[in-house]
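What follows is a pair of complexes built around chain A, which joins chain B in one and chain C in the other.
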Partner chain A sequence: MSDAFPQLETIPIPVATATEEVSASRFGWFRDMPILVKLSTGWLFLVVFGAIYAKLDESVFGGALPLQDPNLQTNNFNAETGEFGTGEPLEGPSASHWLGTDAIARDTFARLVHGAWVSLIVASVSATFGVVVGGLVGSLVGFVRGRFETVAMAVIDVILAFPALVLLLALVSIFEVRSLGLISFVIGVLSIPAYTRVARANSLAISNREFVLAAQAIGTRRRQILFREIIPNVLPTLLAYAMVAAAFVVVVEGTLSFLGLSVQLPQSTWGNMINQARRDLKVDISQVVWPSLALTLTVLALNQVGDYFQRRGAVRQSSL
Partner chain B sequence: MARVLGTRLLRLVATLFAVTFLSFLMTALLPGDPAVAVLGVEGVQNEELLLEVREELGLNDPIPVRYVNWLGRAVTGDLGESYINRGVPVAQTIQERIPVTAQLAVMAIIIALVLAIPLGVLGAYKESRWPDTASSAFAQIALSVPNFITGIFLIWLFSVTLRWLPASNWNRLGNGVVDNLKTSIMPATALAMTQMAIFSRLVRSDMIATLQENFVLAAKAKGLTDRFILLRHALRPSSLSLMTILGINFGALLGGTVVIETLFAIPGLGFRLINAISQRDIMVIQGITVFIAVVYVVINTVVDLLYAAVDPRIRRS
Partner chain C sequence: MTERLDGRLARLLAALAAFALLVAACGGSSDDTDDAAPEDETEAAEAEEEAEDDDVAEAGEEAEGDVDTEIEESTGERVVGGEIAVGLEAELPGMRPWEDTCASSCYNIFVTIYDKLMESTETGEYEPWLLESITPNEDFTEWVGTLRSGVTFHNGVDLTAQSLVDMFAIQQTGSQSQSQIAASNLATVEATGDLEVTYGLSQPNSAFPAYLSRAQLGMVFEPGAAADGDAFNAAPVGTGPFVFESRDLDNETIVTKNADYWGTDSDGTQLPYLDKISFRPIPDEGTRLDATLSGTTQVAHTLRQNTIRDSRAERDGGAEITLFEFQGNNVGGGMFNVLVPPFDDIRVRKALVQLTPQDQVIEALGGTGISLPGTQWFSPDSPWYSEAAAAAWPQFDFEAGKALLEEYVNDPERSDGKAVGEKIEYELSCPPDPTLIAAMQVGFEVATSTELVDINLTNYDQQTHINYALGADNGFVGSHGAHCWRFSDDNDPSTSLNPAFAPPTAEIAAAAGIPDVVSPLNFANYFDGDIFQAAIGAIRTDNFDERYALYESISLKIAEDVPVWWSGHTATALITDDAVMGLVSWELPSGTLGQGMPNAEGRWHQVWLAG
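Entry: the complex of A and B
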């Protein structure tokens, strides 16, 4: 109970305990994946590919796939041809608009794919911040202990003493212009304490293992123990945790977007698509369904894969 | 117990100082001059008046002095006035809106518990068989659906399609319980679903552990019915971690009310916070943030202490 305040409120700190058998063969890890985890991994690859493709469509892929302009109002007057576009607002799914169109006749599928980019960037930046900074600090204080640990953990306790979303809102409200970089940065910084907690808990456990004692006994330098013994063993757990944390971050970004406090329009995000579509709830619910489905499936997939790797990581650690 | 109490209270005080200082820094370090905000555009022309207001607001003092002064006022219930709605004290706004948010949070916890305990007990009782798989899958999905999405689909189902409940607005409890329930049941349910998922997973795993204890075996040997054993013997020892998570998740719930109140246009603290953010009404943002943080910190401490009071193992360690 020394950890009084939670991080990412819903996620328990994973610490190694053995739960299942692991196949010995080299590629067994993929074969052994439960079908749901395989499907989840597939969905996540699809989202990542879509996001990257959407971003680099023109410059790198040269429009190889027929992805439309997410901001083009398809019923607009076209000055070159002198005619109005053929699109209609709130169209149903069709061959030209796979998921229909939104309230101002923009292609929903294109907006959905472009929205994935925002989720991808926010999630990856926060995971990078968390694993690099949180992982380093957590591993260090868990191994070295002492006064530095007390100070670092006190600071972390204070940050975690705020309800995450309220602190994020307060911070975001200070800035008038909210770019993707700024949002990712703020969420990334706020992610660090949770990762530090996880890294420290695991570093504490590993520091007491025989191989660390042995390394100390033969006079290995502390820096070398940290980088050769502690961190490599903290990392798998931390990476599995990063998946689960990413699920939380995707929801947080979605919530910010939904409140209109994330990346500015016209950049589409799943959250702001839901917010715009809910105004036409009485006419057409399908425009709410698509981004909701994308958001939920992504969160579900991240949770599935994260849980799975946490279980596996736990087994590997216990067999050390 | 006295030592646990002492250290926890000391930590509480330290955390409260830190939390309030951080909230204070928010306005202190903000780009722009609060005096300009107070005076408005016309006032800025008057150099003398500007200096006077700066002196009055204590903007010329060093930050630690300003913090102590601000804290002194905050403790006595003076959180300043809104920049936008002149003359309305922030503390009054909070006071008016806290019953709404508190009611939502409490209702959400009750709904979550009412759904989660049967689900969790069922999952543990039928471990690894289809009722367990089904309830675990349901929890897994409920955990992954953001609360505002749940809210929108509830609105679509009960307001747009069935026309049973209003899609927004709020009837105060004072105007009749039924009228209040009509406006509060959907937002509370939307808030409750994620919590429900967390609670039911927790009850399930704790219950599975409890069911392997010897006293359960003894109760079975005595010939007690499964239902009696589950509800009377096993549930209580399985609800300890549920108690902690209840307190811990209160923070998540407070965060959740921000979104849900905005979605349902409910005049609570969270909706006011979002309004203040869009108006850049710094004093209100600061006031609500510091209030929520303090409530959260205090609740966490109380839960920790309660936990120590209930479970002797923690008291001793």
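Entry: the complex of A and C
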């Protein structure tokens, strides 16, 4: 071994140094964050908390926070009271409706918070699909190369060549059921090619790094190299990319909702809130502004955080 | 027989596509529940009482809250010359009256290029336009018309009776005209003189002139030029007040003044007044209105209540615009597919209507103070409107609706085959328009609060929505459940109501003993022998009282069996720059005032720009 690769004796195998940095201060990484990234992280935390809270409010929190029923039409007939409500459509912000009401007198704040759940699930599922499947396939083909890579990447290129939104529209139209699970699954599957490309590119680069060559040279099994050298080094980039991709997915879901092809009504999503409010733009622009703002801030935040982690994740290391 | 029937169905199917596009889109909401069997004597008595209430409008009179702009003679000085741009809701599918679907946007363009044989007056009657006269025989199976003389097509060809005969040959091949030929019973067209044409009908039809006022049979095109359909589509030729100049698809269609037009105004001034009109399809409602507010266009066309609402606000805020509003028979709502469970059971249909808070639906549609609530095929200011039918239409009653649903749910013989106590499941579908999405959720909310129904709310694009209702692949039964739809128009009732309640499938027609009569236009698949007989009877007489009684009986039966539900009548408007004049004051050649701008269809030949 040493005869074949004499230089190995003088090349130190890189060892992780991040642990030492973190040990200096557990939250040092947070302190070092630019303010915009901190704000973005805060916003994302709010969105995630709001989404989870909205979903589990009744069952877990017992309605602890004053979040109204997002589907209650406050001017419609109420079976419990046996009377029509006195709410008004397109009401302005008030103590009872913090962000006003929509065209059928539903509380906009409640719908906005519940809408976050859809975005969260779709983004999470898509990222999971992308990182797990796309990451694995991309890392594998980048490392193995050869005919397998050619075939796999040809398939990926064909899928990527299709306009994603058109393909999504077609798939969602074929599956007429509008469940959150189905929408997430479809978007998740369509996310795989992009992750595969990112993972492959990184895998190709890492496969030529010294520590991988060294591992090969000392006769480490290929599977071991893949899982212990390649994938761990691809992962940080992939996770950072997932944040950016999640932003895109949130917008895609919003687009589907806007077109009436996302989850079934009356479930609120930011996209369908924008769609339903656009009719009354001239009367009350705020009903379009709130969900648009939530969507914009979330996408911006995901991009900021994603970029930040992408920069930080550009460390290559060996665990062998 | 089967082959004949299939061929007939195929033709009707093609026709249906056109009709469906006209009526689709919808405006309503939905459904459901509750209680107390409503058909007892007390309720009947209450219904009679209600019929006398003030809130039931009198037939033929302007109803409270109606938005119609009054039709009146204009005293303003006519100005010859100038040009305008008109923003339309949609682009035309094509320029051929016999082949291409023609709805409101299309009529705005078509009437500039093509003259109609008949035209409707302010009171809704039909008078000759390109014809000078038309007379039926005693049993309405033959109509003899005389064309006005000296009329030439835009390509210089003279208009003669033979032109109409040659047109008929083309119309018989056209997907749009075929349905109207069948519906009107038109069998032959003969030139019985240079300018005299004789229409022979296979069955009596006292309302035949109504068919001559619409695009499919009434708009006159040059048959020589139409022999090549594609070429004609690119360069249509009629006798109308404007000549086709150019068409940039989805962008602009331009027509220019026909200097040789036959028409003059009451002062003898050559029509049209305008030199040029540019029609621009602007699908987005807000953008279309903004275009007029900013002066990019001089007219905005709309079929939406909320746009009327926004326009009113702009006008009241000082914008220099005029609203020419119209609310006719066209009414939003939806239909139940009565051939599929659970809608084959009247209890479910009636319950769902009783659980639909109509005022809230109209509010969701943006029509509060604009749209009149629908109770029947006719609006309160129609001469065909029935107060008795209005009173008979089921009103919102949560307890009564819920009780009916409970009765069905607990019926061991329930038609949907589910176990006793199990929730009813159905699909409520509307096109993906924000207005309709809002409205459908109103009914959803009330119906689901009974905890007796599970509703799957769906939105499909308009063509899919139509196809589901059509059911071309399953004998026209359709795959719809509760389906948003629009009904009725301002033509003679026979043109839309009769085919809507004729036998929907070959099986039903055969069972009724009328195997040759099948109408794919019966989207609700609701057939009742008495209704059908009344509808046939109504085109065998021209006595208004007799016809009224027959249509009233139909309206009452519909109120009893509720194969459909209603939201509000469709308010439409042409929103114009203040300088645009003449939209409500145009006259027929006889000097009679025309119908104004029904369904936002302008008559542009007598429009001028104030100086």
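Methods note: the second predicted complex is superposed on the first by the 279 of 320 C-alpha atoms of A that agree within 3 Å, B and C clash if a C-alpha of one lies under 4 Å from a C-alpha of the other, contacts with A are read in each partner's own complex, and residues count from 1 in each chain.
Note that in this section a residue touches a chain if its C-beta (ideal position, glycine included) is under 8 Å from a C-beta of that chain, and two chains touch if they have at least 3 such contacts.
Predicted, not measured: the structure shown is a model, and the values here were computed from it.
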{"item": "Room on chain A for both chain B and chain C (clash or fit)", "value": "clash"}
{"item": "Chain B versus chain C as contact partner of A:P93, first or second or both or neither", "value": "neither"}
{"item": "Which of chain B and chain C A:R279 touches, first, second, both or neither", "value": "second"}
{"item": "First, second, both or neither for A:N76, with chain B first and chain C second", "value": "second"}
{"item": "Superposed model, chain A: greater residue contact from chain B or chain C", "value": "B"}
{"item": "Which of chain B and chain C A:A103 touches, first, second, both or neither", "value": "second"}
{"item": "Touching partner for A:F162 - first (chain B), second (chain C), both, neither", "value": "first"}
{"item": "Which of chain B and chain C A:L259 touches, first, second, both or neither", "value": "both"}
{"item": "Listed stretches 5-13, 77-85, 473-481 or 527-535 of chain C, narrowed to the one that overlaps chain B", "value": "473-481"}
{"item": "Intersection of chain A interface sets (partners chain B, chain C)", "value": "176, 259-260, 278, 281-282"}
{"item": "In the complex, chain B residues that touch chain A", "value": "8, 11, 14-15, 18-19, 22-23, 26, 30, 140-141, 143-146, 148-149, 152-153, 155-156, 160, 194, 198, 248-249, 251-252, 254-256, 258-259, 262-263, 273-274, 276-278, 280, 285-286, 289, 292-293, 296-297, 300-301, 304, 307-308, 314, 317"}
{"item": "Interface residues, chain C side, partner chain A - complex", "value": "285-286, 289, 306, 309-310, 313-314, 357, 360, 363-364, 366, 396, 398, 432, 434-435, 437-438, 440-442, 444-446, 449-450, 456-459"}
{"item": "Residue ranges of chain A touching chain B (in the complex, touch as defined)", "value": "1, 4-6, 9-10, 154, 157-158, 161-167, 169-170, 172-174, 176, 247, 251, 254-255, 258-261, 274, 278, 281-282, 285, 288, 292, 295-296, 299-300, 303-304"}
{"item": "Sites on chain A touched by chain C in the complex", "value": "71, 73, 75-79, 82, 84, 89, 103-104, 176, 178, 259-260, 264-266, 272, 275-283"}
